[in-house]
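Structure, as structure tokens:
Letters are used for the chains, namely A, B, C and D, taken in the order the chains are written, and counting of residues starts over at 1 for each.
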Amino acid sequence: MIIIMQPGVSDDDIARVIERLEERGYGHHISRGVERTVIGAVGAPEGEKQQVAEQLSRLPMVERVVPILKPYKLVSREYQPEPVTVKVGPAQFGGKQVSVIAGPCAVESEEQLMEAAQAVKAAGATALRGGAYKPRTSPYSFQGLGEAGLELLAQARDLTALPIVSEVMDPRQVEVMAGWVDALQIGTRNMQNYDLLREVGQVGMPVVLKRGFAATIQEWLRAAEYIAASGNLDIILCERGIRTFETETRFTLDLGGMAAAKQETYLPIIVDPSHSMGIHRLVGPMALAAVAAGADGLMIEVHPHPDQALSDGPQSLTPTSFEKLMQQVRTVALAVGREI
Amino acid sequence: MIIIMQPGVSDDDIARVIERLEERGYGHHISRGVERTVIGAVGAPEGEKQQVAEQLSRLPMVERVVPILKPYKLVSREYQPEPVTVKVGPAQFGGKQVSVIAGPCAVESEEQLMEAAQAVKAAGATALRGGAYKPRTSPYSFQGLGEAGLELLAQARDLTALPIVSEVMDPRQVEVMAGWVDALQIGTRNMQNYDLLREVGQVGMPVVLKRGFAATIQEWLRAAEYIAASGNLDIILCERGIRTFETETRFTLDLGGMAAAKQETYLPIIVDPSHSMGIHRLVGPMALAAVAAGADGLMIEVHPHPDQALSDGPQSLTPTSFEKLMQQVRTVALAVGREI
Amino acid sequence: MIIIMQPGVSDDDIARVIERLEERGYGHHISRGVERTVIGAVGAPEGEKQQVAEQLSRLPMVERVVPILKPYKLVSREYQPEPVTVKVGPAQFGGKQVSVIAGPCAVESEEQLMEAAQAVKAAGATALRGGAYKPRTSPYSFQGLGEAGLELLAQARDLTALPIVSEVMDPRQVEVMAGWVDALQIGTRNMQNYDLLREVGQVGMPVVLKRGFAATIQEWLRAAEYIAASGNLDIILCERGIRTFETETRFTLDLGGMAAAKQETYLPIIVDPSHSMGIHRLVGPMALAAVAAGADGLMIEVHPHPDQALSDGPQSLTPTSFEKLMQQVRTVALAVGREI
Amino acid sequence: MIIIMQPGVSDDDIARVIERLEERGYGHHISRGVERTVIGAVGAPEGEKQQVAEQLSRLPMVERVVPILKPYKLVSREYQPEPVTVKVGPAQFGGKQVSVIAGPCAVESEEQLMEAAQAVKAAGATALRGGAYKPRTSPYSFQGLGEAGLELLAQARDLTALPIVSEVMDPRQVEVMAGWVDALQIGTRNMQNYDLLREVGQVGMPVVLKRGFAATIQEWLRAAEYIAASGNLDIILCERGIRTFETETRFTLDLGGMAAAKQETYLPIIVDPSHSMGIHRLVGPMALAAVAAGADGLMIEVHPHPDQALSDGPQSLTPTSFEKLMQQVRTVALAVGREI
């Protein structure tokens, strides 16, 4: 880290900072400029940097402290330079493949789920999504079928051979859900639910980690680091839109952030155009844009009857629109050297 | 709700929407304007409105649906017009009183906590804060002392008679924490952790509900509604800054939003200038501003030695600065007809 | 517009609102619901709606006023349902064509500009960009060559037959610039510089209107409405990123907003991945994403020697990278049924 | 500035960066850490730093460049450590005084303006505001009375002895407006209209510089630096709210940013609670909060009949509410050691 001293500090001030650094096991270089003296701290012991940086920045003779390294390690390209692939059942995320997770927002009934599952399978999806436990902003909204929903998801897997991705919201659900599904999804509102991240990291099953809708790329990768540090590197990141001042769309899909994140991490990243847009007519253009920008996959909401959906109808595609979109996705994927 | 139809809809289109409304138990009024026909839906059965609105908005002949009522009920001024007070041990939030919760970010040691507790008590704080379980963006940062921290908090209460407020992060911790502390705090990253909200709602203990740093006022009140709907109305809201493009301060303290929320709800609202600013020099001005704007209390981080703190040192006040600030807070509180 | 009354209003209150509406020439419908009475105002005289809405919303018996129609007219799909094309010299924006405006951020010298112009022409660009007057956040940064820069741009047009697009910042420059260039660009910081919009609307020359980096889609279209209302419909909109909390990229490119805007307006919309990303490595992915999402063109910064550029070097492509990108853009354009 | 090199750079890479620095007149220090080599550039010639930083950051062996100094000089506390006062006619901004600029959003008529002027004078305002040229998001809204409005403002000054503050939008208006008013206001949408800033900087009259609603503190101070660099240091900064995701209030008033800015600059800073809130009921709490947080003044919209205002009625106070507010402002000002 680099410590920028206040203008006009004395030699004693500098000596006090160096003493602090030495106590914590750091070496140092001093660079005296015309307007500021800057101290470079080197050889930092792992794990304590942020704490030391905060403590130094609280000293009166220090103007600010600039970190040199990124605050994550296991999920970075410095740890593993080449992109990896993550398997969810037979579906592969990363590599040449563009994988598509599709299905309804929530599992509502056997009929709805089987119809959706067969339709997305026929159109070329490689995994089935469906919520059994639903995070809803209102306590009066439909909260999901719970374990009955998980049973229906397993039944849909038997029917279609599609692996199942479903959201886990509570550390207490992790173990039971792991018995039913093929990948656990951490939703946007739980990206910084650290107890949940740790629990999911220990269960030894692929994780789809959605970006918090107000999380920076750095925070997203640090959330992935929590899972990685708990022993699980089978992580698929999912960009799903961030909150901005624009209200024409439900969230602002940050494809530039997705592309930036791909340069930082070797983990596969997929994109969810459904939740980010909140409007079915915009799902198609954003799905194509995501693939063109280099996304390793998509997550798309499909419902047999969106105007009767118990949640997220406005952004759900019908099976027919989804099938048409998949043809376009295939063409764009080919244009950028990928395939579905 | 109001349903705005697409331009040029046919009578059949209108009839289909009305049929839908009747199926769900709504009456209606039709208003045919020059450029749009608008249908007002009346007599909506409780609890289903959002779902019906979403479903209608997915119909091709509907341009958009505008809700009339706010999406919360139990925590609104329509349910209870007058402000209420909430008690945490002997401390009162709401009414003429301005209550101050102070203490370190994290419980680090017996010495640190007892020193902090006695200092904030002496300066006039009415409750003690301190984290036993800490939500940290990095898995390598200090994660709190856990149950040992809770024991120290209880010991500090014995020493100072200050009631204890501490953050709960995991539904599995709720029961044990409820045995040690006087109020449970839901942190900003867990404001939409619905399982945790429900669990906390059932435990029958005052709750300090921090605003999610990317949550709208509406979402904050809906999170409170989750707790209320689980049977607990002893809720203290806490504004702690929102995430914006400005990086000079850690978050942007939204005192305007706090004032707006006070018009919507009868619950007491306090303000945390420490986490929002992230810089100790700005804590004072924002504490005074909060009280002038009508906040019912403050939550302030105080550490005996901020430059040695294991977390949040940069924004922590020393006991001496806190004492000075409390004198100013008292003066401003009097100026707006309140007292500490 | 729809006027939602406060709960519990009297018949007199309602009568007073209706009287107001009648004075301003509106008819009305009343819809009395269980919890609110709603008044629909119909037959609104053009141009005064926003004023009347604001005035009514200030009345104590009114809770809020909801507008029904969008606040722009000439640039909307209701005015002109089908997309149009706009010509800048020989280059066409809109239709099947994807047009690419490329060139350096600022005109720096004859050598730099001619080299850039020939390179972008060879790679397939259809127009040349280059700033003669530069809006710089610091008064000490290079401010552009001014009229000498315009002369060089005209010289580059002679050399390459590419039409010229350049930014105008001051109403006093409009006339002279119109003598040198083929399209005037309104930069992001001037999108709500209404005097400039009016001036540019009167000059009878195509305008590239960049979205303000904190402007909503609605405000962007209303800025276009200013130009249109001044008599000029040759408007090309340009999405160039919005300001959000994310700092990994310079701005957040809002392709979803671009796609939403295309449903609202018939005007062509292009995308500037250079300014939005601020990082040359991310320009390529975002250019491809923009075309896949349906953009009618691109604006890309190309500099012969980005590491010696007087401005925007970090995001400028070299001629070689630009040429490679154009090949990929061509392939993606074909995949979505467009061509360059 | 500090240049952080890519991991694993060669000695040749380092030598190339140093050569670049020497060419531009910089000295250097090298600090070789375990994971990165860092080069400190010292003795930077004024004015070129940002350009050199951008150019270096474009080199392939450079990871990033961190500036050490703030990008403004004349308006910083390093240039002038102690706060100054700025006079607008007889009114003083800065020092012990809290000054209040009040009046209608727009000058609408003689009757309206004289009534407003007398009312705000009676209540204790120290300057009169009123727009003659209005920046309106819609071309169909009332655009101001223009020069007739300026004449009325001068007439109101004769009547009340209050100095006049009015917004200038176009460089061509600067000279004529300077003949009528006592201070020129730069509105939020023109904060980065650099030609206007330069023009206003040269006219030798106090300037009220509103913060752009999407401008960082740094950009705001750099806009002030434009005026200062043109020779005018009589600048009053005005915080008026920033755009965020929250829509309950029109903008988010950033009092924390205001307090942070006061530590960076010696210029007086006032606060506009009217435009930031957009709701008259919230103007009072935010005015009090601003004064408690250390603002040097307020700018408040007052209209004799807000429900008939041609613009900004929803946020305008009546003369009666303004008078009550002024009494409270006085009390809070006293509580923080200030006076009106």
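The definition used in the following text is that a residue touches a chain if its C-beta (ideal position, glycine included) is under 8 Å from a C-beta of that chain, and two chains touch if they have at least 3 such contacts.
If you're wondering where the values come from, they're calculated on a predicted model, not measured in any experiment.
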{"item": "Between A-D and C-D, the pair with more C-beta contacts", "value": "C-D"}
{"item": "Most distant chain from chain C by Cα centroid", "value": "B"}
{"item": "Centroid spacing, where centroids are CA-atom means, of chain A and chain C in whole angstrom", "value": "31"}
{"item": "Chain A and chain D: spacing of chain centres that average the CA atoms, whole Å", "value": "38"}
{"item": "Gap in Å, rounded to a whole number, between the CA centres of chain D and chain C", "value": "26"}
{"item": "Sites on chain B at which at least two other chains make contact", "value": "214, 243-245, 247"}
{"item": "List of chain B residues in touch with chain A within their complex", "value": "46-47, 50-51, 54-59, 71-72, 135-142, 169-172, 189-190, 192-195, 198, 212-214, 219, 222, 225-226, 229-230, 243, 280, 306-314, 316"}
{"item": "Chain C contact footprint on chain A (complex, rising order)", "value": "214, 216-218, 241-242, 244-249, 252-257, 259-261, 263, 273, 276-277, 279, 281-282, 285-286, 288-294, 328, 331-332, 334-336"}
{"item": "Chain A partner contacts - residues on chain D that touch it in the complex", "value": "2, 4, 7, 29-36, 38, 40, 42-44, 66, 68-69, 78, 243-245, 247"}
